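What follows is subunit A paired twice: with subunit B in the first complex and subunit C in the second.
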Partner chain A sequence: MRKEIFRMERVSYQENGIMMLEDFNLNVMEGEIMGFLPVNSYGMSAFLRLLKTNLSLEDGHIYYHEELINSWKESRRNNNRITVIQNRSCLVEGMTVADNIFVLRQGFKKNLIQPAVLRKQLEPFLQDIGVNISADAYVEKLSAFERILVELLKGIVAGHRLIVLCETSTLISGDELRKLHHIMHHYAGQGYAFLYIGSHYEDILQICDRAVLMSNGRIEKVLQPREMFAENLLCAQEYDKMVRGYLNDKRNNVKLGKQACAFYGEIPLMKDPLRFQVLQGECIAIQCLNNRIYHDMCQILLEEEQAFHWHLSMEDRGEKIQGNRKAAVIQEQCTHTMLFPELNYMDNLCFNLDKRMKNVWLTGNIRKSIRQEYGKILGEDVFATPIDELHERQKYQLVYSRILLQKPKVVFCIQPFKGADMQHRMLIWELLEQFLERGIAVVILAVNLADTLSLADRLICLDKGKAQKEYSREDFASIPVLAPWLYLYREEKREKE
Partner chain B sequence: MEQIKRFVKKFRFISYRVAFLYMVIVIFMMLQIGYQFHLLVQGLAPLWPLITMTLATVLFLLYVFGRIAAPYQRSEKFVRRFLDGYVMTDFKEYQLPLLTPNTEMQLEKMEQIFHSPKVFDLNKRQAQYLALQNQINPHFLYNTLESIRSEALIAGLDSVADMTEALATFFRYTISKVENLVSVEEELENCKTYFRIQQYRFGSRLQMHIDYREEEWEEIIHCRIPKLTLQPILENSIIHGTELKIGTGNLRIQFERTERRLIIRISDDGIGMDENTLLELNKKLRKDSSAVSYQQSETKGGIALANVNNRIHLIFGEEYGMHVYSIEGEGTDVEIVLPAIMSDREIKNRGIFQ
Partner chain C sequence: MNKNKKNPFKKLLAIRGMGGALTAFAGLIIIYCAFGLINNTVFTGQNIMNLLRSMSKYLLIGIAQSFVLITGNIDLSIGSMAGMSAMIAATLMTLGVNPALAIIITLISCLIVGVVNGFLVGKFKLPPFIATLGTMFVTRGVAYMVNGNRNTDAIATGVGKDVADKFQNFFYYGTTLGIYNTFWIAIATFIVFFFLLSKTRTGRHIYAIGSNVDAAKLSGVNVVATTTKAYLVSAICSCIVGLILCAQAGMGNMEAGNMYEMYGVAAGVIGGVSPLGGTGILLGTLAGASVWQTLENGLNMVGAQVGIQRIVIGIIVVFAVLLDVVIRTGQLGKKRKN
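Now for the complex of A and B:
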């Protein structure tokens, strides 16, 4: 008989009078990897807060190890013995890996800390999962993958039986993800339970035993092991249909223009310099298999001061990326990083128009006509809404519309799908497709391929100490990693054969 | 003006008057602290009256918050839920703060009413009504069905005989079996009988699967559950789910056993339901739709599920019950969570039906 590790029974939870979770049911069994797919992000943060702390409930009961820990009758506001691993590290910077795992543990009573003892204590845990992380390394020096593993080990050492992994696939590369899956299976075999939260159903279907589908703060469906197929997800079917349609169109009528830009960059960790050309209306995905390389690439795109040499040329002229209106950069989690709450919607929208339309800030007529044109697409009401009060969808539309208005030759997107739920992924995909349709070249920089393969014409893989590896669309089927949308290319290959 | 009117209107309630009184006391104490502080600065008074006054105010506030305001809020939450129609089964468990000894007696009386066998019987009978729709003399019914079966056998109509036998078995279980709790095995057998009858209507268009983990099965079949828990839901799945679907309909009964719970999931791949209907249905299941408030639920539909859920609440408490998951066009899952009860002794220990 299996033990139930965690159960939420008809939980309703309010924040500031707004119902965040309603009639919420979830149960995770011992040794189970339970998938959690949020169709939209409504109620997601409230759910994570409830996992960590026993907050006051409007209705329902929460059980851990089949013991009642929170109910509408009584909420103790204490923390639960559940580890939640998110985008942001919960490790204490300035302390070593061993300190974070052992010293900050609840119930650690030693007054004298002996690093050698801690090192020895940590060793079997690291050996157990076949990972080599220095016990004395400071946590701020760790890579994203190592940080996730340290947080995981911290939970295991603390005796937490439920470990929640939230959107980890967007932080680490395909190889690291495979290793993480292996480690999860290892601990699941020892009776630990995992709740694997991710917007990429392909990930969830790959690793999880069961999965739940959350929408608007409610669990819509529980997928049983026999139902773990994309066909059982209505939202996935819709997305699948959209991508298939696009790929069929692309196959039948390839319309790539002349060269939009050429890039040359000396990336310190790579064997040879990175070199690629991108054509108008072409989409290139650059997958960084090493986090340092990813940070170096981000630095090239975002920072003025550069530690190494790189060169971008357009129309045979050397160009800068920063402040250049012919090139645009869409940053990671753009709805947080690329909007200015102190400005109104119209100002946010026309922000990059200064070079294209010099009088945009002097004459109201240009802005009026922009409003007329974009009002039909974005909705009239958004222009009167403060930026903070916009929905996530409207924020995405604003950022991408700003770029469309700017009309650059090339758009660099840094992990565009990161942190986006299912519905927003589809929206981002559509918006990127609009860029391509208008002949704008798109270069997607990613750690994890996520949805990029569905749009990309070429894939460039960058790894430490190696030369760049390039795959064309025809070669996608033979990519040796498990990535979303690969199945479409493999299906196509099978059909051809 | 309107605000003043509203404020005066609220003064009809003692709670508002008490809150107002506390506010006046706190303001008075704060003024006293200010006055003492002023005297201290002027050098007209020593320090100890200020310290004493501050301490007294802090203690007073702590007492008011911890012993009066917080319990009062808990009590308000309870009353609000009761008025919202939530099921309240064990009043003592809530440890409500009591205003007077009479309030305590009032709560005890309410508990007696809600736990009275009449309420439970009323709910049970509703289930039988739902199954039969009419009160029929059982013996007359069994004899008639037996006669039809004999006639069918003589005439060589084996399928008619089999169907009649299934119908008789089904009615015998539904009407004549008097126990409130039955084993999963018996309940499942009744489901199979019911399904056999339905298969004569739907043929191969309807399939039923039973899922369980082999190692748990022995324990699952001996678990005790309220009689007529599964069949009404199965019936619902057929009528509202698979019957309206084009092509083969699949019904699935899945059993899962944990240390303390028995989880039963009845799924269909029928037409499902839209979000609003699902919301309404789950809301109804969350709240009280007992015989006492039956009139209300009858007008809004979903009686069978509400009835089963209500009986579970009455027998085992509000921690257990039912939840429905559904996606339009995809199908519906009904999940029932029950305590894992294996023997009569456990029933007695839990104080069920006492």
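Now for the complex of A and C:
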């Protein structure tokens, strides 16, 4: 019989008097890849904190390796031997891969560090999973995929039997994700257990043995191996219905306008320059299959990189991206990166209005009328709430409403669905659709396709040493990767045939 | 019905930085009354006049530092710039240059330092502490060199007694409506920059880059230009303070404005301007400068030693920053939310 690696039994946990997890039950077996699908993010960070550290519980018990490590009676507040891999690296920058894996671990007692010995020690681990990472590379130079692998190896070397991967699919490309899944299966075969947290049920259904659904800090449902189908996920059905409706509508009623902008860029790693044009109301997804290319594209959008030649034109005139009200950029995880916490709600909302309405800061009337107009949509309460205290949903609405008020011709969105739970993914999807409906062109830049295919009219794939590859909506069914929402296009193709 | 309409005080407090300003004003009233009860001279008209005049310098320096602090930076060159301004203006006047022309040349010199500071911090991304530390030494060096490493003679020796008197009266000794001109100059400057900060696009951009510089960039804010504008405001105020110091002494002193940059930080911080950037209003700086000067004045009146005065002021500055941290994070020792 398989051993149980981790178990949470009737766990209730409070933070600042607020119940974050309630009657929470979860068990992960040896060699199992358990999926974890948060319908909303409530209680998610508390859950991760409890995995890492034994904090005081209100009720329940936590077992690791069949040993009681935390209970409502006694909490030792010590760290667990569980590896949690998240968006934010836990590797120490300025140190090498070998140092991070071997030297910075509990129980390392040598005083004299011999890099050659560390290199030799690391070699079999790398060979085992068939990857090539230099032991002497500094961790800050690693790609996102390599960083995840180093963290994974660090956990394996430290003897952690449970490895938690949180939202990794939003950090790496489809190919890299496939490799990662392969490596996970490899270690699962050796008895390591994985908790795979992600808001994309497509990944989870594909690679996990079982899956749990968490909502409002409670486990709502456990999907057993025979139940691992999208039909068993109520929230997924709702989203599915929404996207199907949109696609049907789009099929019957194409509303694309004239050209909104044209882009030309000589991206260093690509064989040919990148060129694309976007029409008003059109959505283009640009998938970067190489991290360097993704980085270069981000540099263009965020820093207006000058190291290589690129050009954006609107109405046959060269335009800048920064400081140009005709173009807007929505940074990834926009609720953390795009708001001004010290400014009030109205200032945040009207921030990009000053070029359209010069007197917006001088006269209160403009802001008053905007408040009246948007109060109906956003709710009156938000205007008196400090930015830090807004709900995640309200923050998303604020960022996207600010762009709507700006009325740009084109919006560049960098990984808009990254870090968003199921409910917020639906919200972001709706907000992006609003842009398209108002004739604003949307260009989504992504490493992983996530939900972009549900909105995109075209997909452009960029890879190292290759020319850009373009797929129109009609060709989506033939995309050679497994991406969310692809099944809709494949179903459509089958129906036609 | 809107909750805000029910409670005007809550509405007032909802204004960014108003909480800090009101706290400082409340503190000012308490301190003033306390000293007044100990020594009645504090309440006399002449003392109030003197208080307003000496407060004006701190107010101007406070405005200078507040603008930079709100952008999340700091300007350590303010005091030296004031010294440089005093020395350049005095030297030119001792050479017989018309005071108006001397003021223009002085202003241009200070503006150049402001632009350099803005570019070093905004464009070349130098840590503001280091960049302005450098310009602090440079400007103090200029103050020394401008008259050959010595203080200037009385400005009257160059431009004549009448013109020198006019200059000194305009900036320091003269009165309008019974109040010293220094105060009116400070208040006029305050109103201009208060308007700039609260009612203009530049003002919003200054708050924005102090609050979230990346978001500001993505929203089309020219960070270099905005940072430079903040340092320019700082340079203008420092220049005016230098001219006031020159008018007060009737000559140029190489050490004029020493430590003023720190007085500026204190005035801003006591008034609720956050050293972390993004928060604060100039009304708070006005209150902060008044608290500072009232304390100095009051402690003098009650015969406290200079050492005691410094200790009390130091404690108040630390307390004000601590209050800011507590307000921002909700409790002591808790990390700021990212």
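Rule of thumb we're sticking to: the second predicted complex is superposed on the first by the 495 of 497 C-alpha atoms of A that agree within 3 Å, B and C clash if a C-alpha of one lies under 4 Å from a C-alpha of the other, contacts with A are read in each partner's own complex, and residues count from 1 in each chain.
One rule holds in what follows: contacts are C-beta pairs under 8 Å (C-beta built on N, C-alpha and C of every residue); 3 or more make two chains touch, one makes a residue touch a chain.
Only a predicted model underlies this, so the values are computations on that prediction, with no experimental measurement involved.
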Combined model on subunit A where subunit B meets subunit C, clash or fit: fit
First, second, both or neither for A:E9, with subunit B first and subunit C second: first
Subunit B versus subunit C as contact partner of A:L339, first or second or both or neither: second
Which superposed partner A:P480 touches (first subunit B, second subunit C, both, neither): neither
Partner chain(s) touched by A:G94 [first = subunit B, second = subunit C, both, neither]: neither
Partner chain(s) touched by A:E66 [first = subunit B, second = subunit C, both, neither]: first
Partner chain in contact with A:W361 - subunit B first, subunit C second, else both or neither: second
Which superposed partner A:N25 touches (first subunit B, second subunit C, both, neither): first
Least C-alpha distance (whole Å) that remains between subunit C and subunit B when both complexes are overlaid: 17
Doubly contacted residues of subunit A, that is, touched by subunit B and again by subunit C: none
Of all residues in subunit C, those that touch subunit A in their complex: 2-4, 14, 16, 199-201, 203-204, 207-208, 210-212, 214-222, 274, 277-279, 337-338
Parts of subunit B lying in touch with subunit A, wherever the complex brings them together: 74, 77, 81, 86, 93-94, 213, 215-216, 219, 254, 256-261, 263, 265, 279, 282-283, 286, 319, 321, 323, 325-327, 329-330, 333, 335, 337
Complex contact set, residues of subunit A against subunit B: 1-4, 9-10, 22-23, 25, 27, 29, 59, 61, 66, 68, 72-73, 219-222, 224, 232, 234
Touching residues on subunit A, where the partner in the complex is subunit C: 302, 322-325, 329-331, 336-344, 347, 351-352, 354-355, 358, 361-362, 380, 384, 388, 402
